[in-house]
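The following pair of complexes shares a single chain, chain A, combined with chain B in the former and chain C in the latter.
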Partner chain A sequence: MIAYVVRRLGALVMILFGSSFFVYNISAISTDPLEELRTSTAPNKEQLILNLTRELRLDLPAPIRYFIWLRGVLGVFVGRADFGQTRENQPVITEIVGALPITVRLVFVATIVAIILGIGLGITSALRQYSRFDYSMTFFAFLLYSLPIFWVAVLLKQFLAIDFNDFLISAQISLPSIIFASTIAGFFWAAIFSGTRKRVLLIFSGVFVVNSVFLSIISATKWFLNPTMGPIVILLAAIGIAFGITYLSVGLENKSAVKSGLFCAVVGSIMYFPAQILLDSNRPRVGLLLMFILLIGVALLGSVIFNRIDRGPIIRTNVISVVIIGLLIVIDKLMQSWRPYIESDDINFRPISTFGQSTAWLFEVPFWVRSLDIVLHMILPTIALTLISFAGYIRFSRGTLLEVLNQDYIRTARAKGLTERTVIMRHAFRNTMIPITTIMVTDIVSIVGGAIITEQVFGWYGMGTLFNKAIVSFDLNLLMGVILFLSTLAILANLIADLLYSVLDPRIRVGAGK
Partner chain B sequence: MARKSNIGLNTGEELLDGNENAIFNKETEGLSQGQIILKRFVRHRAAMVALVFFTTLVAIVYTALDWRIGDPRNPRFTIPGWWNYGFEDTPELLTEGCPEGILGCPTIDFVPFVDGDGVQLGQHPFGQDNIGRDYFALVMRGAQRSILVMFIIGLIATTIGTIVGALAGFFRGWTDAVLMRLVDFIITIPVIIIGSVIGFHFGNKGAAFLALLLGLFSWTGLSRLVRGEFLSLREREFVDAARVAGATNRRIIFKHILPNAIGVIIVSVTLLMSGAILLETALSFLGFGVTSPDVSLGLLISNYQDAFTTRPWLFWYPGLFIIAIALCVNFIGDGLRDAFDPRQRRRLSKKDKENAREMQSRSEMA
Partner chain C sequence: MKLNRLSKVAIVATAAAGLVAGALLPANAATRSTVVIVTSNALTGLNTSVDEMNLTINGDVAYLQGFGFYYYDNSPKLVKNTTFGNYKVISQNPFRVQYNVNPGKVWSDGTPITAVDLLLSHVVRSSSYSLGAGLGDPKSAEVKPGFNSLGYGDVYDTHHVYLPKLSADKMSLTIEYDQAIPDWEINAPGPSPVHALVHMAEGKKSLQNAAANLAAKAKFEKAFYAYDKKLMAAMGKVWSNDYNVKEVNAQTNPLLYVGNGAYILRSVVANGTITLVENPRHKTNPSGPKTNGIKTVQFRVIDNATAAAQALRNQEIDVYAGQPTADSVAQLRAIPTAKVIGGQSSFFEHIDLRVGKAAGSTTEYTGPFAGNSQKAKDLRTAFLLMYPRDEIVEKIFKPLNPGSVRMDSPIVFPKEPDYKAITSNSGVSKFTTGTPSSREAAALALVRKHSATDVKVNLLWGNPNNTRRADIMQLVRAAGKRAGFEVNAPGVQGWSSRLADSEWDAQHFAWGKTALDQKGNASLYCTVCSSNYLGNSNAKIDAAEKKLGAAPLSAKERLEQYTIIEKELYNDVVTLPIVQFPEVTGANAKLQNVKPGPLSPQIVWNYWEWRYTN
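On to the complex of A and B.
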């Protein structure tokens, strides 16, 4: 295994060498940074050309310049890498270090959302194979496959951001919109649960009524102008989450699991009050960490008190529940900053931003207001990126689960008399996840590609913008820096995918059979 | 639950389970492999609709504008298109029927979807751009470019990908090692990045040339798939049989293995092509693809993305064309995959089940 990793890392260096040599030379040969000067009418034209030639060492042939660049980069191994300077005399490395976190932030959140939603929908679609839900998911996935991201981004700007901001003026939802939204929700859930006609109608009307009432309350109280959840709503949500996750993981027949789940939900919601103190402290980041540690402590305690046997799965279940509760508390905290945020002069009741990665604040603002600002700026680009990448997860997880369900061990599991839930969640789902992990990792590379366009549309200053700038301004050092980073990421992602595969599926031996 | 029907909730279904094979076997009796595949494809409703729609779309798009053979300024001869305007013509901006202060709005009427008094195309169905060019003609031209780019990328990537994959998979050893390192080498750089570098430097040399270069970098995924397929197929008995019979390597590759791998190739090529059209439009959007004065759907969107609030049609139509083309190709690909997959079975209709039950009872009586 170690030998294999070392061999692959060796290959990585070789590949990076080859591809960077190739890209460097093709860009160097095909561009002429002097072109602009040659056609200029400046009196000291000759001098300018001479200066630029000396600065960029254009007197040397491209391959030689590549090796000069490479010598600097190879400094990595002796601890002082030199990626060269940009055309504006900034070290390339500082530019990249500044831009990387912004791209990572975007890609990370979008990937997580895409994975969770995509796998969820894909698996539901597979379990309802050949139903209307399945067909509509297939169509939906193909539609997403065919959407150009830049087009979606502009639509999102208009229909999500601008329209939502306009809506915020009154914050009241019109009756037709309530009915429309509730009908859609009703159809969605009825399609998922399906069954006899009576059952479908029942679910549809149930969801429709609940949804309409919910939306009417939101509209009547102008909730969006002053959104809060508070401990009561969090408690109710927590109980729901605890039931839901317990149902999916160990089943509601397991009484002690249900009890410990409820314990975690109740105690977790009570943690809301100490959490406020932690989050309002001078060091909110430490507070946040402490809060999650406390919550996980609650989960462990709950599992240990109520269960004697088979604690592993129950601990896992409870940890997932409390983490979600923790996220709810954080969202509530952000909501508390909503009012001061939208009332500030910079925002002026138009909170969903269509441009930039954060508001440039003129004065110091509290941590949570700043966080809210970043979150609101992330909404649109994240949705755009998620939309284009989660179609792949829908199709792939659907296909894989259907394949797995045809295996003999699933038949065995059913023959043993296991419940359908156990068969699907324990036997089928886990094996479905093996191939999915590999596309998860490689998908990150293509999401980075999508991020380049997304950053451009939404005016983020990340790797994509840097890349664009490098190309347009003939900035070879910057271009090579960006490409080197992205391709290292791509190769590492591939390596990690291969390793993960062998860890998850012991039948596969990496590096064997050479 | 999809599987429940097979566990046996009612006996009718259970009896049917054994007979499914019989039904399918009867259907394919006496047909060649190609005929079976064609039959399966024709039965895939979405794919057929997509195929018909796509063919019509291509026909409309490519006949709309004049074809000028030779120098575009001073053509040797011209094949006239059915549409009144060329994409370079600049007729007068019309204000007729437009909202206050807006020029060149679309004249298309299509009850009840667009506007609302009758069905007509009007003088400028998709409106006009800033300088009065007919937007329908522009969109047609853009779609022509995009479809051309898609096919060129598809063609080149298929050729290179198949050959590289076939050689690597068939010969293994050092051929495989060298070729696959070459693949690694290209795959490390996100394709949009290679595309941008190429497009920025060579975009002005025309869409076809750009597509040619992009095709040179888009075959890697396909070659990996083909290699995998070849690695497994070359161990099969029919290959041994061919070799014993004295077939050359070339004959084995092209006559024996390749036809067996064609399903995988075709399916992945359709995906590649729908990816290619998105790549081209994305590059043009970023300004690294087709450049003005030529037109591409991505370029149109890029030019008019800020006009969305005042003149949304300038934004809608090119986008809808991209989606329509990509969606059609995806659905055709889906149909092909189902058709080529021998394990794929359509859902039995009620009629099939009745027939089966009849068969069952008849055999029981006998």
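On to the complex of A and C.
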């Protein structure tokens, strides 16, 4: 094992050396930093060219400049690495350190959402193999897979930002829109719960009516100008969540689990009131932490009161439920900030922004308004990245689950008389996750490097923008810094994925056979 | 229960989709007090005289924060800024110019502005001062000078004599030159808050009181005239490095952004939004620039034309100017709440033909256009006759800006008053008479006189990803074929470093202009000019270029010299201008007086005229 890791790390160094030498020289040959000056008519053109030549050591051939750069980088072994300065005279390392959290913020949320949605839909699709739902999911997966992100971004901005902001002026939904949206929703749910013709029709009309009424209420009350949930809606949602999570994890037939789940839902919703005080305090971050600690306390208390056997899985279930309830309370808090947010001078009733990471406030605003601003800026790029990346997860998890379901041990489990839920969630789902985990690791890295277009289109200053800027402004040091970072990350991620595979799947051993 | 929960999720999801068809009414907001301008780059520093910080956006911020003796309007023309002060030539022999600062002007920290604040301008532009104070040789290829300035090597550097002299009241400065120089006007010294620089050189991190500021100013004055290496070197370090900030917030040293403009920096988010607010100490007396209810100017970073157009549509930004493409112009025109303002840039496309070996080339040029034999001249004439300039303007540039016109003078732009006079006398008519097809026929006849087969011409034009020029090359290849030329015009990575290479017979690229100097584009064509990639040498051009650089000329004399140069260029058959780059600006329809100019600072030059109407 150790020998294997050492061998792989050795290969890493060789690959990095080779690729950096190659990239450095190609970039140096193919670009001309003096382009602008050569075609300038400035009277002191020669002095300007001399300045830049001195700055970038253009008098030396590219391979020699590479080794000057490499000498700085190799300082990493003696504790003072020097990745050089950008053309703007900033240390490359600070640029990367500054850009990284922004990309991570963007990629992290999008990846989590893509994984949850993709796996959820993929598994549903596999369980309904060859149904209408399965076919339409396959269709959508391939459709989304092939969409170019810049185009998705343009559509999202038009519909979810510009049109939404225009809509907010009246905040009333027109009748055709209500009918259209309700029809789509009806089809979606009818497809998922497909069955006899009567059942499909029933589900369709049920969803259609509920959806229409819901949208009409939203329209009539101009809910979007003053959105709110309040404790009642949170309570109803919490009860639903408690049932749902319990069903998926331990099953509704476990009465004590249902009881403690309901306890958590009710008490968790009551926590709404003290939570308001905590969140409105001078230190909202501490308040937020306290609220979640309290909620987890409720989850533990619930299982202490109601459960004597099988406590572990129930505690896990309850914790998941209360965390979701906590998130609902936070969302409600953000909704309360909506009105002051859209009324502020900077926002001026156009809350959904098409670009940027946040608003540069002219005046001090409360913590929750600032948080809402950041969340709203994240929505569009996150949807865009999610849309194009979750299709892969749908296909992959569907295929893997189908393969697992054909294994002998699944037949054995069913023969033992286990419930379908236990077979799917315990036996099949967990084994499906093994290969998915390993692609997740490499996927995250590829998104970090591949968010160039997304970041540029949405005006986010992350690694992708940095990379692009390095290329456009002929900034060799910056370019090399970014490439070195990304390639190290890619190679390490592959190594981690391999190791993870052997940890998760006992049948596989790395470095074995020697 | 599960169905219920799931349908709730579905409802929320579809509600979002249902919003698509919401009512489409324009917002009716109150009068805005903020102008948000798009920049493609983030702020990288506050001192644009240093190479690393010499970016358009840094220049725009510096312009809003600082006032000098003049500015360029959108003609472009040099305008005296009498709000700040005035200047005049007080003696022709020796040639002396006096600069007077208006009394009562103060920096944003309250320190009075005097002529002492003009002295730093000398330090960062005079090589002899740098050497004299032991700050290093700006011409060295190894070591940066103490003040790592872009100002060295200019007319000021080569012609000034002695140190600038302060008047007794320290409100005026006299600069002496070794002769009457052209362009003395654009070489005016700019004001710098020297007291802040001295404070920073001494390690101070906050604004100081009035007495300390005056003391610091006096200290600088003394050090300046004494060539005080210690203080100057410390100031040079601050001047070259410390202004290199990407972020301005409560922790930033406020001494870095002491200014005298109408706006002053409030905050800069790293790699993001730049916010400037009105400078309460900015005095508009006696008259001149004042702001009209615009309290805040923000710059936001978007490096994508479509994204900028959508942001304008979403009313997040008020002004966007960028390199136009057919798509981006159409997008801007489709926005109901915005107006599109066309303009011409100071860049112009042209076609150059090589005559001989250019400076910097290692091999002799032996292509079809080499030398001045009848054959080479005929082939060059044929090539320029063939060059589809009209078609390029019609098909490529008119769709971007309907005001685009073919350019017939490489020195005077079509909008300038002298344009008619020069084009009717320069002899350019031999390339403009007739129709494109008759000119192509004439070209073919000339080619066939010397060669039975098509003549192969290698044309250098730019990087392969420059789609606009790649489109132009399609037209050139087709026209060449009709006129007996086989035009080989590949896109070349790093093309600009090969401008002098003898391998290329012709070059199609754009010249950019950054200032209005007397020589203008005439400096492109003399034998020893650093921009002469043609390998052409003509004694009459050299003489005219010299004359333009020697002394201030009247408008008439200047035009004479320009005409001589152009006549010779067309006699030698070496170059033809094609068209100015178009500029397209999209602006909030309610924002008045946005008048983008061709020279820096293009958008913000007249910020004091901006105002909103309802």
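The rule we apply is simple: the second predicted complex is superposed on the first by the 492 of 514 C-alpha atoms of A that agree within 3 Å, B and C clash if a C-alpha of one lies under 4 Å from a C-alpha of the other, contacts with A are read in each partner's own complex, and residues count from 1 in each chain.
Quick note on the criterion: a contact is a pair of C-beta atoms (placed from the backbone, for glycine too) under 8 Å apart; a residue touches a chain by one contact, two chains touch by 3 or more.
A quick note: this is a predicted structure, and the numbers were derived from the prediction, not measured.
With chain A as the common reference, chain B cannot sit beside chain C without a clash.
In the superposed model, A:129 makes contact with chain B only, not with chain C. Once the two complexes are laid over each other on the shared chain, residue contacts for A:40 go to chain C alone; chain B is not touched. In the superposed three-chain model, the partner touching more residues of chain A is C, compared with the other of chain B and chain C. By the touch criterion stated above, A:467 is placed in contact with chain B alone, chain C being left untouched.
In the superposition on chain A, A:205 contacts neither chain B nor chain C.
Judged by the touch definition given at the top, the superposed model places A:145 against chain B, while chain C stays out of reach. Looking at the shared chain after the overlay, A:30 reaches both chain B and chain C.
Contacts of A:356 after superposition on the shared chain: chain C is touched, whereas chain B is not. By the touch criterion defined above, A:158 reaches both chain B and chain C. By the touch criterion defined above, A:241 lies against chain C but remains apart from chain B after alignment on the C-alpha atoms of chain A.
Overlap of the chain B and chain C interfaces on chain A: residues 30-31, 150, 154, 157-158, 162, 456-457, 468. In the complex of the two chains, the chain B residues touching chain A come out as 1-3, 7, 46, 181, 184-194, 196-198, 200-202, 274, 278, 281-282, 285-286, 288, 298, 301-302, 305, 308-309, 315, 319, 322-323, 325-327, 330-331, 334, 347. Residues 1-8, 10-11, 13-27, 29, 32-34, 42, 44-45, 51-53, 55, 138-142, 144, 148, 150-155, 157, 183, 241, 244, 246, 266-267, 269-273, 275, 296, 298, 300-304, 306-307, 310-311, 313-316, 493-497, 499, 509-515, 517, 519-521, 523-524, 530-531 of chain C are the ones that touch chain A when the two sit in their complex. The touching residues of chain A, counted against chain C in their complex, run 29-32, 34-36, 38-55, 59, 87-90, 98-99, 150, 153-154, 157-170, 172-174, 176-178, 180-182, 184-185, 188-189, 193, 203, 206-207, 210-211, 214-215, 218, 224, 237, 239-241, 243-244, 247, 345, 348-350, 352-360, 362, 456-459, 461, 465, 468. Across the interface of their complex, chain B is touched by residues 11, 14-16, 18-19, 22-23, 26-27, 30-31, 126-130, 138-139, 142-143, 145-151, 154, 157-158, 162, 405, 414, 420, 445-446, 448-450, 452-453, 456-457, 467-468, 471-472, 479, 483, 486-487, 490-491, 494 of chain A.
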